[in-house]
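Heads up, there are several structures right after this.
Here come two complexes built around chain A, the first alongside chain B, the second alongside chain C.
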Partner chain A sequence: MRPLFDPFVLPFVISMTFVLLYCIIGMIRIVFQLPKEDRRKFLRSLIYPKSALKNFRDLVNDCLLHTKIWKRKPLLGYMHMSIALGWFMIIIVGHFESIAFSPLRGLEVPFMPKLMSNLYLPIFFRYFAIEDLSLKAQIFSFLMDFFLLMIISGIFIAVVKKKKPRKVGLKRVTKFGIKEDLVRLSLWTIFPLRFLAESSMANIAGGSFFTKYLGFELLFGGNYNETLSMIFWWLYSIDLAIFMTLLPFSRYMHIPAEALLILLRNAGLKTTEPRKGYALAEIYSCPSCGMCIDVCPMSEVKDNYKNTAVYFIRNIRKGKRRRDVKAMTEKCLMCGKCIEVCPLGIESLDIKIAQRNKTYYKIKSDFEYLKSQQDYKTTRPQDKAHSPETQQLSNSATQQLSNSATLYFAGCMSHLTPTITRSMKKIFEIAKENYEFLDAEGSICCGRPMMLTGKVNEAKALIDKNTELIKNSGAKRLILSCPICYKVFKEEYNLEGIEILHHTQYINELIENDKLEIDRDDKRYVYHDPCELGRAFDIYDEPRNIIDNIGLLTPGKSDKDMAVCCGGSIGSLTMTLEERDEITKNSIKDLMHNNPDEIVTACPLCLKTFARLAPVKVRDIAEIVANTIN
Partner chain B sequence: MIDFGFSISKSSHIKMDDVDLKLFNKLEALNPDIKTCMACGLCTATCTAGKFTDVSFRQIILMLQRGKEKEAVEKVKKCMMCGKCMLVCSRGINTRNILLSITRIYNEQNI
Partner chain C sequence: MNTHKILIIGAGPAGLETAHQLKSLGLTPIIIERSDKIGGHLAQWDRLFPSSDNAEELLERLKEQVKDVEIKLNSRINHIEKEGDIFHVTLSNNKTYDVSAIVVCTGFDLFKAEKKQEYGYGIYNNVITNAELEKYFKTHQDERIDEPKRIGFVHCVGSRDVKVNNTYCSKVCCATALKQACEIKDEFPDADVYCFYMDLRMFGKGYEDLYLKAQKDFDIKCVRGRVCEVSENIEGKLVIKAEDTLLGTPMKMTLDLLVLMCGMEKAEGVERIQNMLNIKSNSDGFIESRDIFTGLNLTKERGVFVAGACTSPKTLPETLAEARSAAIEVFKYLSIEL
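Take a look at the complex of A and B:
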């Protein structure tokens, strides 16, 4: 007969109660911080069968199996899966085991025997149990040993990862302070200690291949020493207690927070406040794994890796001075690579934008002049001041647009690269497209650069004006040359019934419908994916298909969703030209990996940025198409 | 006196001794690249808003340097932040951030 209670369980029970309370209170706090509409949406999504099923699937895939990490780095995927799934299974199987073989069976228990034996679930089951040789018990102990071995193998990889990150395919890992090191050490030692504790008395409590034969027989030489065993049980419990108590204040908070984040994300919520609600769930979910460090274009410059997403989120969480966080927010290029690799899919850009929206500008923008601007085709302001009739004139000009179904909007940046607009005109003519060049004489901005500075209301004025102009034209299709415009037109504009296309999509469509006759050449091209076309909208195949029709497409070192930002991004507010040049050089090096004859891109901003530093010719995709058709 | 339709225009002379450059110095400390501006005017030539209004980055900097803050701020308000000036700048000045800094440092009440 084993005892029913021993004081060594107390450290664990107390810390476990603390961590559960902490997580529940934190969860309620986050849910209450959500805007009212979002909260209702969230609660509804928990009930609907369809979204509930998706929740379940995602929870299993992301929290337990870690399929996303498997896809990128199999070894790291195994490490996470073995620890997460192994631990989870040990808890679940352990519960069933302690219900089935509760030491209370067959005992006279006061007050409601059934209830008591159901409530009494010894967490440290092996200490209180006596070996049972039935098949059922053997299966249970085999499973428990199997998952314990699985966890320990995962921890082994974790130790290797810490000592030699390159072995698991990482260049840089996040740097941590002493506290995080302590928590990690306590996590690493939990399961080896459990193994020692269970092995040390496997002759009494029983066990399977791992604890009984490998542990008890080989390691302990088949001798049972009560004092030694007790030391291990105490160490095991204290170690668990240290881990549980520190968990809410360390990066391991991502374990419970991730579950909440998945539920919130599946409800379709987005960040609205930089430090509340959804953003808070994201901030707590960041495991500081540092996957974003290697891919961030900024970390190419020494010391600038401190600006990457993982450090940004950590600084918010630590409650660092607002000024530091703000500086990091404004430095980011907003290329979105960190989100692409994030195993938790933390939308750190949304947090940054929300943070930028909080910036207080003493001087407000004034776009009153847009209202009197009926059309872009007006002359310079000084001329206008002398002729009050221009407004009426321009009114009729707007109405003339309605003849054509297609509208071409080049955007500000494309006006700096006239080869793009010229090429597009040529393509339109050859394809016999009945189009109208909306901003042939210049235009107002699309509003995205304004949004990126955090001035949402001001951007609204620009968006409204453009919407009005486009809707008045009566066009059914809108073709854009600039991915920056494309993103904001797709996301912020309300242009119902108007199809929005980037010129890569449009040209690809023409080629597929045999509207363009292309003379192939034998040049080798490499395609650079602009951030706002590739990662933002997954437009990867259209440009590649076009280039396939013209010449030989060679891959860069990192393609598609891993393409490196050109460095010119207007997403960054404070980055200096020197820092930008470093990023551009690195991006070019990446593209020149297979020695192509030309670099092709689909963004006027990338084109302009590359053209300054590239060793080969850089051209827009529209230009190479226009040069090969007659 | 007979009105010939002529008048003497107000002097545009700026007395630099009377100009308080406290805010400009603050701006310059935040954005040291302002010092490298050589007023070439590329920014003005490409400006999107400049097509419709009198926005001119070159003038804004010049006006702030000479203490004509009110006029400069009026221009800053009309900027659309499109970033074309930054792309063409021959000195690689981060014009967008300078414009944002101006809207943070200067205040319509204190100028």
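Take a look at the complex of A and C:
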């Protein structure tokens, strides 16, 4: 047995100590930045068995197995799993091995506290070990070799990915500076160096199929050279030190940060500040993998790929001045596709909204009119002002809509696409629905546009007023035609006891309950999923079921959660019409993939946007239904 | 010279006037027209701005001038082949012509108002287009126009509007709107008539007078601002939302009739002819002239000429003047270059 210390371990020990301290301090900082209520929620979630179990499952799935990437791109999934799981297992198995086979472990090493030797022994075990031919030892060395081979195979794919992204199914990958390149190089070389170091003395320390037979016998020709071996061990340790030292300042920070993010997310926390607490955990968790670049509809216009989520997060992390981040923040369409593909599920839209909230606008909102707004004027003829001179929004007296349990709220966008409101009226009539058209004569905005500009407090004023009006009506159901309204009603309104439905859900329910008699036609329809209905609420089956009942549903090129934003989104504050047109054309190309006769959508904004440029007719799903019933 | 045949595509004012001039220059024009009657949009119109001249009379004059010219109605071009300087043209009835020059006089289409869904055309009964109102003046048959008390005109429908990809001004709608406003006021003296405009472009002789007359003598109220939304109330009346940008205030109004002043767009099917003749479109979608100063009637293709609203929106006098200049260009081409 050799002495259990050699100076070459020092670079590793020092850097590892640094990185551990850095992560622990960072974690404490993030937890302390959380709002008080959130912090309590988080700490509580760590103790509850149910959430603890979920934490464990998610940590294994996301941090080690990378199941989310497997589902999208199997080859990339394997790459991530082999490196993460392989490395993790090498550390774990290495610890067990060092406990089982170093009789001196735990004894004092000169000048080294016990903790320190525990830190490096499992990592450099082969240097200190002597070949042991017992079955137990052989199993251990087999496992260690197996995981080492696994990691190296993963790194091989990583090299291919860097050189030829298309081979692993990526069109564009994130561009990096020289620092990131250095860290990546150090990561890629860690395990080949470990292989060389372990192989070079496998005749003394032992090894299995990989290090001993392939490495020592074949690569080194069965010769042991002490100097060469020492060089490899030093290089291995120094390489580890470079990686560990730079890790906190590189994208590889996602390795430790992701674990914290999973715990915070499972505690049900949300972003409130763009650079603090939960958002910080998300920002550090971004591995800059660039999955979001290819799917981002903005990438259609060449220069705009620089505004995709990965670059936005990087700039936030770099602490770039607000002005630089502002442009990126305001450009985004908020379609949510980046979140859908993000292997870490980073809610970058929330960070953007929080960041938008930081922008000061000179325009002051004036909500004085809300005070004078009485309950919505209903469509009852006796309440009508008969004088045609009414030039102002009329305020009728408060009244209970006691005899109708269903409210229909069209929203401002649907008022600009009267085919939708007219179709809905017809559907209500045929289904014999007892309803009130809440905003027949104008309405208060749902608040979503305000939310999207980050003006949460102003949105709150609208939301509160609308809530009051709707609750006063005594209705049990609220039917909406606009997904933009739907999102905010679902997420920000507190309408307990009132069921909120988008008209796709409502019509589907009518069809399933045989309330509508549909005359089928033989047209081929393609359905466009509005972002705020599909990705936001997974309403994919209802509209498809409706179309199935009417004609032939043909798929677009990318459907459901991968649907491309129509380009008209009110999410973007600065995108020009020309840029939007490119996005719209791309989206239409996608929909026209199977040459449908008509494009169907369920959002007035998508409808208006597509109608400008589509080669075929574009209609709302309500109109299609209304035209086939009598 | 008179052995040369010239094909004129379109029997609207531009086509008729070009044919007349070519004939008087001793050439042999042949007009082909895809519809079953002569006159194009002029045949649909009742009176013409600025002085309310009778459209039918003008059309009769134009027709009279071309009574010796061969006009093929219900004809479309199937195929054009150029051999040297001669065009072999095959029509839809398989008749072929060998012509020395072609003058494209395909005119324009009116903007399809249903594309601006927020104005409710095709959705609400009482929303009509400028062409439909003109037809009413001609025939007095339209059940939608039933003693209206309040009438609105929306200018610039499908013109100067990026949202429908038409960024250009259609030129004639301002004057047409005021002409029609006066005429409908004449018909229903008790009605209030409103014109919602972005800018009033009263550029031609007599246009400004028309504008003043409309306000002074007919009490037409001109509101600077666009209509943003049209809906229908329970009584079937139209409710519009607009903004008066001079007063800086939003407004809401109930109307009995809304007239949409649809602008001009490239005519449907012209692209097919353009492909056959190898001539391009300009940024507005109309046919591109060789240059706008001295080559207005010329195209990049030898022997192919243009006249009238097929190159950009034009008033009737401009179209007729251009038709005459096209005839000279053709004459010059045939006598000097060939």
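Descriptive notes on the structure:
Just so we're on the same page, the second predicted complex is superposed on the first by the 583 of 630 C-alpha atoms of A that agree within 3 Å, B and C clash if a C-alpha of one lies under 4 Å from a C-alpha of the other, contacts with A are read in each partner's own complex, and residues count from 1 in each chain.
Basically, a residue touches a chain if its C-beta (ideal position, glycine included) is under 8 Å from a C-beta of that chain, and two chains touch if they have at least 3 such contacts.
Predicted, not measured: the structure shown is a model, and the values here were computed from it.
Contact with neither chain B nor chain C is seen for A:Lys302 once the two complexes are overlaid on the shared chain. After overlaying the two complexes on the shared chain, residue contacts for A:Lys362 are found with chain B alone; chain C is out of touch.
Once chain A of one complex is fitted onto chain A of the other, the partner contacts of A:Thr453 are limited to chain B, with no touch recorded for chain C. Contacts of A:Ile444 after superposition: chain B is touched, whereas chain C is not reached. Once the two complexes are laid over each other on the shared chain, residue contacts for A:Leu462 go to chain B alone; chain C is not touched. When the shared chain is aligned, chain B and chain C each come close enough to touch A:Leu577. By the touch criterion defined above, A:Arg166 reaches neither chain B nor chain C. More residues of chain A lie in contact with B than with the other chain of the pair chain B and chain C. In the superposed pair of complexes, A:Arg422 makes contact with chain C only, with no contact to chain B.
In the superposed model, A:Ala611 lies in contact with chain C only, and not with chain B. Residues 381, 415-416, 441-442, 577, 608 of chain A contact both chain B in one complex and chain C in the other.
Those residues of chain A whose C-beta lies close enough to touch chain B in the complex are 330, 359-367, 369-370, 373, 376, 378, 380-381, 412-413, 415-416, 441-445, 449-450, 452-453, 455, 462, 568, 570, 573-578, 605, 608-609. Contact residues of chain A toward chain C in the complex are 379, 381, 384, 388, 390-393, 415-419, 421-422, 440-442, 577, 608, 611-613. Across the complex, chain C meets chain A through its residues 115, 117-118, 120, 123-124, 149-150, 162-165, 228-235, 237, 239, 241, 251-254. Across the interface of their complex, chain A is touched by residues 33, 46, 48-49, 51-54, 73, 76-84, 86-88, 92-94, 96-97, 100, 102-108 of chain B.
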